[in-house]
Every structure is written in C-alpha cells, then in structure tokens.
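The next part holds the structures, each set out as structure tokens.
Look at the two complexes coming up: subunit A is in both, with subunit B in one and subunit C in the other.
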Partner chain A sequence: MNTFISTLITGTANGAIFALAALGLVIVWRGAGVVNFAQMGQAMFTTYIASNLIASGNSYWLAFIVALISGSLLGMIIDLLIMRPLAHKKSSSATKTLAGTIPVIASLGILAILQALAGIFWAGEERGFPTPVNSFYFKNGDGTLPFSAFNLFVIGVVLIVLLSLTYFFTQTGAGLGMRAAALNPEVARLSGIKVSRMRTLSWAISGAAGSLAGLLITPSTNLSPNTLDLILIIAFTAAVVGGLDSPLGAVIGGLILGIGIALVTTYGSPENVFLAILFVLLAVQLIRPNGILGGKQVRRG
Partner chain B sequence: MSELLKVEGLSVTFGGLKALNDVYIDLHKNEVLGLIGPNGAGKTTLFNAISGLVPPSSGKFSLDGKNSDWPKTHQLAKLGIARTLQGVGLFSGLTALENVMVGAEAHASNGFFADLFGTSGKSEAKLKARAHKALAWAGATAFAEKLPSQLTYPDSKRVALARALVLEPKILLLDEPAAGLGHDEIEKLANLISQLKEFYSIIVVEHNVEFVNKISDRVYVLNFGEVIASGPFEKVRQDPAVLAAYLGTSIAADAKLGTGN
Partner chain C sequence: MDKYKNIWRKNLIKTLTLGVFLFLLSFTFEPYNQGQLALVLMLFIGVLSLTVLTGASGQISLGQGALMAVGGYSSASLITHLGASIWIGFLVAFFATAIFGLILGTAAARVSGPYLAGTTLVIALALPSVANRFESVLGGDVGLIVDFGTPPTWISNLIEVGYEQWQLWVVLPVALTALFFISNLMATRAGRSWQAVRDDEIGAAVSGIPVARTKVIVFVVSSAIAGLGGALYGLRGLVGPSVYPVSLSLTLLTAAILGGVGSISGAFIGTLIVVFLPDLIDWAISGLAVSEQLSNYLPALLTGFLLLATIIINPAGVMGAGHRKKH
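Let's look at the complex of A and B:
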C-alpha cells in the first residue's frame, strides 16, 4: 500500500513538472503558432547556468531566480532574433504550404545549437543538480512516510505557478491582450494591441516555465546537454494529449503521463516507459483526435 | 468647420486591379459621414486602408490638420480612431466583458515590463469599470458575462460597438452597422448614433440607403473605386452619376469588382 501511495505522489510531483513544460509549449503554440522543440534545450542551458552559480558558492535561491530570469530572456532573444524575422519573411509560393513548419524546423536548429554550446562551455559532463529541500522520504518513528519534502515543494511551486498564470491570463489586461492576439491577430491590432509584443511575451513566459521545469526535474535526471530531450518528448505528448491549445489540458496531460510513467516504472519495468508514452499518445489520438480539451480548430497558419 | 481627418490621393491596388483610385475624403468634427456605393465599389477597402489592414499604393493622411505617415493598424487606437468590423470580429474565447476589456487594455498602453509583470490590481479594476461603462453605452450590459457564441447577431454588434467606444476615440469607423438588423433595431441604432455624434466624429459604410439618409450629415458615393459624388444626401441622390451607378451599372460593377467590397 505504501508503495502504491508513494508511486502516486512521485508520479504527481513529476507530472506537475511535465505539466509545467507542457504548459510552456502550449503558451508558445497559442501565442506564436510555433511548436517549440528547443524549449527543454533552453531549460537545459539555464539549468547549467544555475548549476555553475551554485558550484561557485552562491545560494540555491539566487541560482533559481537567475535561471528563471535567463529563461525568459532566452525565450525573448529567440523570438526577437529568429522567430520574428522568420515570420516577416514572405514565403514563395513553393514554400507556402510548408510555411507553418519553418519555425518548427528553426526550433530544432536552436536546440542543436544550444546543446552544442553547452557541450563547448561545460564539456558535456553529466552532473547532479541539488534540491533546495530534503529529497529523502520523511521519517515517521521507525518507518517512513511515502513522500519527501522535495515532492511537496515541487507540487507546491507548480501549483503557485499555475494559479498565477491563471490569474494573469484571465484577470490582467496583458493576459487578455495575449489571448486576444492569439485568437485573432488582426482584430487585436485594431484594438491597439501590439501583436508582435504579445508574441515576445509568450516566448518569455514559456521560457521561464521551461526553465522552472528544468530546475525541478534535473535532481532526478542529472544534467547533461541531452538529458532533457526525454522531458521534451513527455511534455510534448502531454500537450498533445491535452489538446495542444488548452492550458488546462496540458496540466491534465502532464499529470496523466507523470502518474502513468510512475506506475509503469514501479509495477512494470523502466524500459517500458517509452512504450507507455506512445500508448497514451495513440490512445488519445484514436479516441479524441483533438486531445482531451482541444478545440475543434487546432491547426493554424 | 475644421477637418478632423483628411485622406487625399488614396489608391489601393490588388494585383493588377485598382480597388481605389485617387480617393479624397474629409471628415469634420462631430459629423456623421456616410459612405455608400454599389457592391464592390471600394467602401470597405477604404476602411481597410484607413485602418492599415491593406497597404495603400499612394495617399496622404492627415489628422487634426497634421500630416502623418500612413498609420499602422496597432497605432490607430492611439491616434483616436476605432473601427467595428462587418463580420463583428469578437474574440470567440472571451466573454463580452473581456472582449471590451481588450480594447480598454490597449488604451492603457503599458510598457513591455508592465505587461510582463502584470499591472497593478487597481488599474485592472479601472479597466473593468471602463469596459462596463462602454457596454452600458452600447446597451450591452445585460450580456457582459456571455460568450460571443451565446449572443444574437444584433447583440454581438452592440458588444463590438462597445469595444470600439472603450478606446475613447475621436473618430469611429462603423462598417455596415445596420446590416442584419431588424427594423426596430435599426431605429435604435440611428438614435444611438445621433447621441454618439455629440462626442465623436463618425464614418459609416452602409448599404441601407434609408438609414444613411437618416443619420448622415454628408455622404460620399463610391463606384469602381472612385468618389463619384459627395455632399448632403438630398443633393447627391439627384446626381446623374449616382443614379447610373445604382440603377444602371450595379450588376456590371458586381461582376467586374467582385472583391466583397
């Protein structure tokens, strides 16, 4: 029974992190129409920055905040230097049908560049990453409770982020502006909204969300230029399962995958995790092709 | 009377087709201007050009007597120009109130970092209050919390109007405000427009000539992308060129310039 409960809690904590990464993908998809395959590459990069800060004697919390800020800056830089110029490029008739895939391919290029740079700067060695609180199970007399302080920390942090994002998107003018710009750019412009600024803003928010996911997951995956690739695959699956354009869907998708993977690891075998991810993806696509909470119109130019 | 808005020598080309050719219009303060003409005459293209949605191939734009560069779409609100769309164009995922708040937010025009970190709760409350006021003006208070898909067509038009009003513009561009409305609704709209005239200068694109007659101080008649007549409605309706455009050649005009005006 204890194993089951601890599996559920670990799964929920990991699921919360996947949800965060998936949410980052959804925000850029909705806000800028790009599936950003570079997201966890950005997160890997900023986690290295945090790791270096900690290694040189700074506190975890300073590193934590610096990583989040550099995450949003990196997102903004990618939009300003690469995505915005690409969007303004007129595509010839031959490439027009492919126009939607151009930024996606660019994001794969960015991922490759970030991984190569990390390899150059940090020699690509795999290193651990600390947790701010104890990651061992709580002691309860002679036995243990089926969860750690870090589990609670992760769930708490993600919950706070989700609540503040919900507040931001529903209660603030800027959040409304972002939703409006995503729903109908032309009409949003008529209302005086700077649509390209809203896009940059979604890259910034998504970059910070991805960085946070990186900081929270690397204690269990370790840190190397490629370790977060798997997280991207899981997060992408979670986003698609949720419907790709639904933030709440991304959260549900993340939790399904987190708990599912934990159950497969505990009661099946870790090798079957990939198979389980594929199974979830296929099952959802077969039953609800638009995802659990996806709108009818998922495709966009 | 002073000219609030003046557009001179405006031409717009789509491919090889001249949708607008050397168009001149001016708008005075607290005036309602009607833009009429057969289908495909270029009325909505003129609106689109003024709102920066289609780029003009030539043209001069002056506001309040000052020449300026041709405005970009997102600058309109700041210049004091608000527009409604023929297709209403409400944001489908937002409630009526949120739709109007989008306009109010743009009016507040924050810096990037204010956007990033969210504005203070106080200004959000102000936003909401302004949006409610605009909804009240447009007679749309009752469905503030409804989604566009739950609204009737006339009601969604009211919300769209509120979204334009919340920008507190000097100039209102109304694109076919009476289209799809019943007789009583049109009556109410005419009253509303004559009330709004006290605060705004208004240009109306409209097919319903009766309605235009009722609300407009002056009208411009467009045909084949050119202004063929202008002046008070009673004078313009006698103009032989206008009669020809409406009675004689409107079918030919549709066939030739079927760009959905």
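Let's look at the complex of A and C:
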C-alpha cells in the first residue's frame, strides 16, 4: 500500500514538472505557432549555469533565480535573433514547400548548438544537481512516510506558477494581449496590440517555465547535455494528449504522464516507459488528434 | 505518355552513367576511400527517403534513423537467425519498413503541423528500449553482428575483390535503384498528386485527390526507402541501438536541408557535406592545440550552425537555384 501511495505522489510531483514543460511548449505554440524542440535544450543550458553558480559557492536560491531569468532571456534572444526574422521572411518556393516546418528545423538547429556549446563549456561527465530541501522520505517513528519534502516543494512551486499564469492570462493587460495576438493577430494588431512584442513575451515565459522544469527534474536525472531530451518528448506527448493549444490540457496531460510513467516504472519495468509513451502518443493521434481539451483546427487531412 | 517515357529514359541514362562512373572511379581508390564512398551511398539512400517525404508532403521526420533501424533489424534478424542472403534481407527490409511506416503514418502523417516530427522523434528515442524488450531476437543493447560477407565465387574467380570494394559493389546497385525509382516517381501521376497535396490541400481535394490517404502513402514510400538504406547501413558490422542513434536522424535531416529540400542532386551534395565535415574539421584543427572537449563537440556545433544558417539565409539549400527553376 505504501508503495502504491509513494508511486502516486512521486508520479504527481514528476507530472507537475512535465506539466510545466508541456505548458512551455503550449505557450510558444499558441503565441508563435512554433513547437519549440529546443525548449529543454535551453533548460539544460540554464541548469548548467545554476549548477556552476552553486559549485562556486553561491546559494541554491541565487542560482535558482539566475537560471529562471537567463531562461527567459534566452527565450527572448531566440525569438528576436531567429524566429522573428524567419516569420517575416518573404515566402519563396522553398519556404512554401517547408511551410510550417521551417521554425521546427530552426529549433532543432538551436538545440544542436546549445547541446554542443554545453558540451564544450561544461560536459566531460554527468553531474548531479542539488535539491533545496531534503529529498529523502519523511521519518515517522520507525517507518517512513511515502513522500519527501522535495516532492511537496515541487508540487507547491508548480501550483504557484500555474495560479500566477492563470491570473496573468485572465486578469492582466499583457496576458489578455497575448491571448488576443495568438487568437487573431490581424485583429489584435488593429486594436493596438504589438503582436510581435507579445510573441517575444511568450518565448520569454515559456523559456522561464522550461528552465524551472529543468531545475526541478535534474536532481533525479542528473545533468549532461542530453539528459533533458527525454523530458522534451514527455512534455510533447503531454501537450498532444491535452491538446496542443490548451494550457489546461497541458497540465492534465503532464499529470497523466507523470502518474502513468510512475506506475509503469514501479509495476512494470522502466524499459517499458518509452513504449508506453509511444503507445499513448499514437493512440491519441488516432482516436482524438485534438487532444482532451484542444480546439478544432488541428486535423486537416 | 510520351513525355513520361522521355523522362523515364533520361533518368535511366543519368542513373546508369552515374553508376558506371562511380564503379570505374572505385578502382582508383584506396580501400578506405571505397568504404567512405559506400557510406556516402548508404546515407544518400536515407537522405533520399527524407527528400521524398519533405519534398512531396512538406512534412519532416526526426526519426528517419529509427526507420533505418527497422530495416536494419529486419534484414539482420533474417540473416542471423534464418541464414538468409543479404539480398533477401534488403527485400524484406524494404517491405517490413513499409508496413511499419503504414502503421506510423496512419496515426501521425495525416495530421498536419508538428505532429509527425514529434512522433518520429519519440520513435527514435524509444529504439533502445524496443531492442531490449525483444532481446532474444534483436540482441538487446549489443545488437546483431552482420556484415557484407564475401563476393560469390564466380566474381572472386574472375577478379580479386577487397572487402571495402565488395561493400561498394553491393551498395552501388541498391542506391542506383532507389535513385532511379525516386527520380521517376516524382514525374508520375502519383508524384504529381503528392506535390499538389503539398502545395494546396483544398485544391488537391477538389481535384479528386484523397488528401489523407496520399499523405500516408508518401510516408510509406519514404519509410520503405529508409529501411533499405538502414539494411545496408547495418551491414557495416553491427545492427544495434548505438548504430542508429537520434543523431543519425538529425544528420539525415541536416543533409536534406543543406543540399536543398526536395532536390535529388541536393540530397547527394548534402550527404557529402555531412559525411566529410567531421574529417574536414579534424584536418583543420589538427595543427592547433584544441582540447578534446572542444574537438568532440565541434562537428555538432558546426552542423547546428550550418542548419540554422541555411534555414535563415537560403532555405532552398545548395541546390536552391535549380529547384526554383523547375516551378
């Protein structure tokens, strides 16, 4: 029974992190029409920055905040230097052939560059990453409770982020502007919203969300240039399960995957995790390509 | 119909000329260079499969390496467990990967947007788990050990053939067949309807082209070609998860984009670039005191920059000018 409960709690904590990463993907997809395959590469990069700050004697919290800020800056830089010029490029026959895949290819190029740079600067070997609070199960007399302080910390942090994002997107001018720009750029522009600035903002928010996901997941995966690839595909699957254009769907998808993966790992074998992800991804696309909460525009063919 | 026949004949002459040229050229090569040329041709088949997919449907696959693995595993398990000849292996690899592509394509290729890219990426990453899951057949982490074997006696009686040369002689006809098949395909009714779907889905649907089915068929053809390339690629010694990593898929994509999407000669140029870039970098930094860490990651860094620069500056790729003229 204790195993089951601890599996559920670990799954929920990991699911919360996946939800965050999936949310990052959804925000850029809605805001800029790009599935950013470089997102967890950016997160890997900023987690390395945090890791180095801690290694040179700074506190976890300083590193935490610096990583989040550099995550959003990196997102903005990618938009300003690469994605915005791409979006404004005149179309030729080649761009027509590739159409929507150009930003995907660009994001892969960015991923390759970030991973190579991290390898050149820091790699050598895999390193661990600390947690701010204890990650051992709580002691309860002789036995243990089936969760750790770090589990609670993760769930709490993600909950705060989700609530503030909900507030941001429903109550503030900038948040509403971003939604308008995503929904209908033309009309948004006519009502005085700076659409390209909103796009940059969505890259920044998504970059920070990805960075946070990286900081929270690395204690359990260790840090190397490639470790977060797995988180990217889990986040992508979560986003597709929930509906690629639905933030709430991304959160639900993330939790489903987190708990599902924890159950498969505990009661099946860890090797089956990838197969389970693949199965879920294919099944969703066959049965409900719009995802649980997605809009109607996904399928054309 | 006459026009098609002309294209057919023109492609045949071009392909045969290229084949004879490469065949004769290989006699002047050292064994190492013969092996390199064989490697270029294997990867060229993989890049061609991507050229078909992207050129005809506008979609990209990040898991073309995994499809190559499907071909590699199906031929290698036949050769290892049933003692089949490599030629039977190629045939089976072609059809097995086509069936795999059908299953995959039915789910992901009909959906527009980034779905196919993401799904194929998951498949590329899931490959080692699959190999472990069915360890008795697929050999787990290690993989299956296969090679090109030795030339049949009627050849070796006639002329002495080195291993690398034999490797090239096996790869060359397969690569030329794939090349010939694909260059014709684009000119036939099927190929044209694919391009119609790519350029304007609604227009194609109105002209009576079944859009969803066409997208799946494109993916199936692309998969089958990739499987063929993968079967050859595995014969270099080993079919295992380490032979078909995710980076292989990205290398193929890079080659297709660098050379020029949808252009067959571009696919060849792109393959040459990705195969020889690491050698070129090694040669360029050989005189400099560069740390191992830097030299390990430098090829990946440069490839990333090349990919990004191509997509920003000239998305049509190296063969862009020729490609534009056709339209």
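Quick notes
Here, the second predicted complex is superposed on the first by the 295 of 301 C-alpha atoms of A that agree within 3 Å, B and C clash if a C-alpha of one lies under 4 Å from a C-alpha of the other, contacts with A are read in each partner's own complex, and residues count from 1 in each chain.
To be clear about the criterion, a contact is a pair of C-beta atoms (placed from the backbone, for glycine too) under 8 Å apart; a residue touches a chain by one contact, two chains touch by 3 or more.
What you see is a predicted model; the values in this text were computed from it and never measured.
Using the contact criterion defined above for the overlaid structures, shared-chain residue A:G175 touches subunit B, although it does not reach subunit C. In the superposition on chain A, A:L152 contacts neither subunit B nor subunit C.
Considering which of subunit B and subunit C touches more of subunit A, the answer is C. With both structures placed on the common chain, the touch criterion links A:L80 to neither subunit B nor subunit C.
By the touch criterion given at the top, residues 54-55, 58-60, 62, 104, 106-108, 110-115, 117-119, 121-123, 125-126, 128-130, 132-133, 198-199, 201, 211-212, 215, 246, 250, 253, 257, 260-262, 293-294, 296-298, 300-301, 303-305, 307-308, 311-312, 315-317, 320, 323-324, 327 of subunit C touch subunit A in their complex. By the touch rule above, subunit A contacts subunit B in their complex via residues 72, 168, 171-177, 179-180, 183-184, 186-195, 197, 200-201, 204-205.
Contacts from subunit A toward subunit C in the complex involve residues 35, 37, 82, 85-86, 89, 92-102, 104-106, 108-113, 115-117, 119-120, 123-124, 229-230, 233, 236-237, 240, 244, 271-275, 277-278, 281-283, 285-286, 289, 298-301. Residues of subunit B touching subunit A in their complex: 51-53, 73-78, 82-83, 85, 89-94, 98-99, 101-110, 112, 114-116, 118-119, 123-124, 127, 163, 167.
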